[in-house]
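Each of the two complexes below includes chain A, the first together with chain B, the second together with chain C.
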Partner chain A sequence: MSILTRNTRSTRTRSSGTSRRGIRGNQNAAGWLFTAPVIVILGLFLVLPVLMAAWVSVSDWTGRGSPFAGGTQFVGARNFEAILAGGGLAERDFGTALRNNLYYVVLVVPLQTVMALFLAMLVNNRILKGRGFFRTAFYFPSVTSTVAVTVLWLFLFNATGAVNKFLSLFGIIGPNWFQEPAGIFHLLARNVGITDAPAALGSQTLLGVTWWDWLSGPSVAMTAFILMAIFTTSGTFMLLFIAALQNLQGELEEAAMLDGAGVWQRFWYVTLPMLRPTLFTVITLGLIGTWQVFDQIYTGTEGGPAKTTMTPAYLSFSTAFNNQQWGQGAAIAFLLFGIIVIFTLIQRLLLRERVNVPRRKRMNPEPSRGRKL
Partner chain B sequence: MTALISDTPTTASPASPLPAKGRRKRQGRFIWLAYVVLVSLAVVYIFPFLINLATSFKTEPDAASDPLSLVPATWSTAAYERLFLNSDFPLWFGNSVVVTIFVTCGRVFFCLLAGYALARIPFRGRAVIFAAIVAVMAVPGVVLLIPKFLVINQLGLYDSYAGMIIPLMADAAGVFIMKNFFESIPASVEEQARIDGAGTFRTFWSVVLPMSMPAVMTIVILSFQGSWNELSHFVISAQSPELTTITKGVAQLSSGALSAGTQYPLKLAAAAIMTIPVAIVFFIFQKKIMNSTAGALKE
Partner chain C sequence: MKTPRASRLAAAITICISGALGLSACGSGFAGSETKNSSDAGSGPISVLIGASGEAEGNAVKSAVADWSKTSGTEASVKVASDLVQELSQGFASGKPADVFYLSPDQLSNYAANGSVEPYADTLANKDDFQPSLVKAFTYDGKFYCAPKDSSTLSLVINTDLWQAAGLTDADIPTTWDELEAAAKKLTSGNTVGLAFSPETARVAAFFPQAGGSLLSSDGKTATVNSAENVEALTFVKKMLTDGAVKYSSDLGAGWGGEAFGKQLSAMTIEGNWIEGALSKDFPNVKYRTVELPAGPEGKGTLQFTNCWGIAADSKNKPAAKALVEQLTGTTTQMAFAKAFGVMPSVKSAEAGFKKEFPAQEASIAGVEYAQTLPSQPGAADVLKDFDAKLASLRTSDPKAILDSLQTEMTATLSK
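Up next is the complex of A and B:
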């Protein structure tokens, strides 16, 4: 987003015509006419929907007829209350979905960023041959549809699937991935003999979920989706890092090399600080993307097993479309939007603290965006 | 690779033999290691797709008993026959083709117009529109599922091609790519045309459009990929079986709509076919896609 705030320069196209006002008027008309289709469509299908959903989220609309018809009542914050403090199923489902997605975000964002950077550093190495081939191989999963990859993943990770077959070569008995609701932290705890919730953690709840369950970690099923996310997105972010690396010229690195800096030192003290703007972009996009898990869940698990792959995005959808609780569905969508905004702001704050890059540079972390076309 | 390694001792400078030699040697080892890592990672990234393809030609027992092998024990095209002769799959494919073509044409045209206006025409209100588009880009798509359904339903577009196509025709990110492109090319050619007496529209059609083919191709590729792979919008904008697109159809197939049992060869055949169009576009325009990373982000 921050990429886009630069540029307000081109006001130079002013022709030398005699009747300046005429040309001006003409240009105003042309400008509005040219942008009209985009404005109309975005307004109709992005801005208006948000307003309508805002109304639905505070109404008791049941999905029949128009939400503006007489039968629909204003219910105030009741839908939000049911989700955040209702004490019932709606609250517990939202809490569970939030937990699932939180683990997904916390694991996927760092892992995909590190993986993408690692791939980019490898592929960008000038001494290596066949870099084009490897770049293609790593990027290909990013262009295929989530639906196709999910179908493939369901096959690879089924009880007798390719992954477990591969693990069995090393004598490991793999789990029944997409049927296994146990959280991986719980499984680890079980290994050291803790099978039940300690009293302190089992009795207190937050959003209808006990603290013990908040600490479960992602379920085994969710872990399979986490691996899939890394598989499908690392290629895209790798390209962003490659573009940034190619803009670095390598002079500084050579200087550091002459000064006797090792591979690690060069990476840690020279390359990484210069990649900070790109890192910022990748983490921001990662945070925004990982809170929007929908396609995989719709195609693969529909929230199961035991709701451990339920995400707020899918919960919002199924609450509205399957259970006809439109007000609650819309309310969840707004809460999700709020979560994404908050996370992005927190990340901005954290990364900005230590930044020493000139302001101008930070404003356009990816200067090659339009020029390379 | 071997050349690089064997090369090292001879080129070491005699003035400072020891440190240079040590470093080169280390570099040789590094290269070797880098190739091992690269190749094993490439296998991890490619192998799943090979399994996908191989399994789609297997019989069901074979797929279950030997999921790792890349060569079917007995070749079978039963999955493909079933898909094309005994299911709605051709219909889904056709729907996706129709939607993709319309969305792509619309996006290219509208993004071109808006991008050009925002970059080149100094009209009143430009800054406001620009800011509004920035704001719109920041709204995450999944959050809009229910809201979009509400409007599509209210406008009477639910369960129609119009409802599936029109909302996807404008793309804020595409407008940006276009705007940036126009700002990167000099305005002198257009000014020339302007001086020769061509109006705004005339300049746009006969001067600007031919010049902007590279950026147009970028938008074509991105919106092709985007609309072919789109799922959530089609889930909320239509429900009748005649309007099912390939993503929605395969997603429903995956959750067991067409079949009893696992039917892995069938599902994987469907997944393979739906990957083919994007794969073809990808391999033809590879270089371009890799360079225009900005819009190729998956959600």
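Up next is the complex of A and C:
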């Protein structure tokens, strides 16, 4: 759409003065004709299903026949109410799923971004020998299917798996990773002697989950998934950072070097600010991807142990398909969509270039507020 | 300034056309369920959707269906689903479900509630032959919905080599909770624990009837999850787990009780008839015997599991589907299934033959007499899943508190 409008505008400026119905008079119609197939496909497989899901989320559809058939009634916000304020199992499950995924996002996104940038800086180094090999090696987990990596992870993190064998070399008895429901913050608290919820945290609840449980941290099982996400996606984002790094002009870096800036200063004040658009892309993609985590859960743990790896995406699936609560399943999906939008807006706000920075202090030639997306 | 407006108009038209195209493309599926006639005379091929425990089961069902197809002249195909519930739901939503399929009791209530499955079992020729407990499991809202295809009960599986190595004899076979604990302690050595089972309701709830408890009252109308009997049973399970001679299979790095038993990580396990097939396939060298679960303070108790042959309400050929189910639940086919993958027949007429053919499964058959089934009203599956989640941390939690919160959840499903 934006390409089309821009073309139109430039055509108009160039042909200003001449007749409107000139040589390019039919361009608009042709443009729409050529984009029609994509619009039809997107409409059919994206817009229409989204609208259907929106209807299902406010209906009492039971999963038999079409949701638009006669028997389906509009029930208003009842499905959303059951999830957000029902006081029952549905609310508690949603709260639990939200907690699990929140810790997943908060840990995975920063770690994978830092890791990706670190790897990109490493393999972008001109002195490094065998750069091609390392790039391929780091990128390899990203092109492997999630299911395959999940299976590998289940074996590695088995009670008697390779990870625990390795830990035992140092005299550490590893946990039974994918079967351990205890949260890591709770485990730390246990180490300093706090085993039960303080009264203030144990009685008050949010979304059916006590504050003490909100503060549990990711379970040991979820931690294994967090490590896996960092392992698989760092490579993808490394590629984006490499591309961005290669676009940077070397002069600025040389100029900084001449000014006596050290390695760390050059990175912090020269390279990183110029990577801001890429950083925005990486964090946005990371946020969206981590909030939608599903494959690993479906193939690996199905939400267990003790529901500590259940995520809203998986909960939406199992609520709809396994429990035939299609309205609630669709409602969870829309709540998840809202959460992703909110998080993206927040990070956009945080990453925005300060307008009040004097122009001469900016490293970017012009402000690049989200333009790259 | 006409160009932007023209382009906007063109955009609007394109979107409308694509929308209309989209709707008409889906139209056939959308309107289908309403206009469909539900007359009983039908024709067309029969599709069967099953979730097989393994290759043996898939092949056995395929050959049984092929036999029926040959004699009846109706075309029939069998598909083994990788995720049965998901594929079933998809079929019901699209209005083109499989005609005949496996259905578990807890799924039955969901699909019966939205009218997806046909209540046909009352009109079967062999309906009086089914075991009463199974008929009860597949009765929803007073209607006997679907024909039970087989049944299994939980029993205690004992590794005979480890049993003898620990100096135990036939006289030591546990018949009470105390004896179970004592035997488990004697069998624990090195990497092997005495008893291991999966951390799920479908194993642990077997202890409830032994203490005289149950999850629902006998009329199925009230939740009795936190009864004193159940608390006693769960406290006993917790005690065994904390003492160290009993562990969850997951704590031993095994996927289920049968795997822990096969790998000799445990000398005893609590499993159903299906363990037979798994052991002979994956661990043919393990020698074992199955006995009835030990009795608790209030006598014997175990759990019964079963599936039925569901028929879709939207099936285009219900008479043929029913004829197929009649053959599949017949005495001969059920005996063939029993031989192929170790399940017990669901009909009384096959019981004698089964006992004769499989004397080793005596304990499982004995269990049918006093077995309970897990609750299966809509929403119950979710509560049981929550129970599974809580059982994972039973060792560090209070049994009474667990059962209290489940009581609230179970009551909520009954008042709907």
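Keep in mind that, in the parts below, the second predicted complex is superposed on the first by the 318 of 373 C-alpha atoms of A that agree within 3 Å, B and C clash if a C-alpha of one lies under 4 Å from a C-alpha of the other, contacts with A are read in each partner's own complex, and residues count from 1 in each chain.
Please note the rule applied: a residue touches a chain if its C-beta (ideal position, glycine included) is under 8 Å from a C-beta of that chain, and two chains touch if they have at least 3 such contacts.
If you're wondering where the values come from, they're calculated on a predicted model, not measured in any experiment.
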Chain B versus chain C as contact partner of A:280, first or second or both or neither: neither
First (chain B), second (chain C), both or neither touched by A:56: first
Contacts of A:162 with chain B and chain C, given as first, second, both or neither: first
Comparing the two partners chain B and chain C, which touches a greater set of residues in chain A: B
Chain B versus chain C as contact partner of A:343, first or second or both or neither: neither
Chain B versus chain C as contact partner of A:103, first or second or both or neither: neither
Which of chain B and chain C A:94 touches, first, second, both or neither: neither
Chain B versus chain C as contact partner of A:64, first or second or both or neither: second
Which superposed partner A:48 touches (first chain B, second chain C, both, neither): both
Partner chain in contact with A:177 - chain B first, chain C second, else both or neither: neither
Intersection of chain A interface sets (partners chain B, chain C): 4-5, 8, 12, 28-29, 31-32, 35, 39-40, 44, 47-48, 66, 158, 160-161, 320-321
Complex contacts: residues of chain C adjacent to chain A: 2-4, 6-7, 10-11, 13-15, 17-19, 21-23, 25-26, 29-34, 85-86, 89, 92-93, 95, 110-111, 113-116, 248, 250-253, 313-314, 378-379, 381-383, 386, 388-390, 392-393, 409, 412
Residue numbers on chain A that touch chain C, as the complex places them: 4-5, 8, 12, 20, 28-29, 31-32, 35-36, 39-40, 43-44, 47-48, 62-66, 68-70, 88-89, 158-161, 176, 179, 181-182, 304-307, 320-324
Complex contacts: residues of chain B adjacent to chain A: 1, 4, 27, 30-31, 34-35, 37-38, 41-42, 45-46, 48-49, 51-52, 55, 63-65, 67-68, 109-111, 113-114, 116-127, 129, 132-134, 136-152, 154-155, 166-167, 169-170, 172, 175-177, 179-181, 183-184, 187, 190-191, 194-195, 199-201, 204, 214-215, 218, 225, 228-229, 231-232, 235-236, 247, 250-251, 254-255, 262, 264, 267-268, 270-272, 274-275, 278-279, 282, 286, 289-294, 296-299
List of chain A residues in touch with chain B within their complex: 1, 4-5, 7-16, 26-32, 34-35, 37-42, 44-50, 52-53, 56, 66-67, 119, 122-123, 125, 127-129, 133-152, 154-156, 158, 160-162, 165-166, 231-233, 235-236, 239-240, 243, 263, 285, 288-289, 291-292, 294-295, 298-300, 302, 313, 316-317, 320-321, 326, 329-330, 333-334, 336-337, 340, 366, 369-373
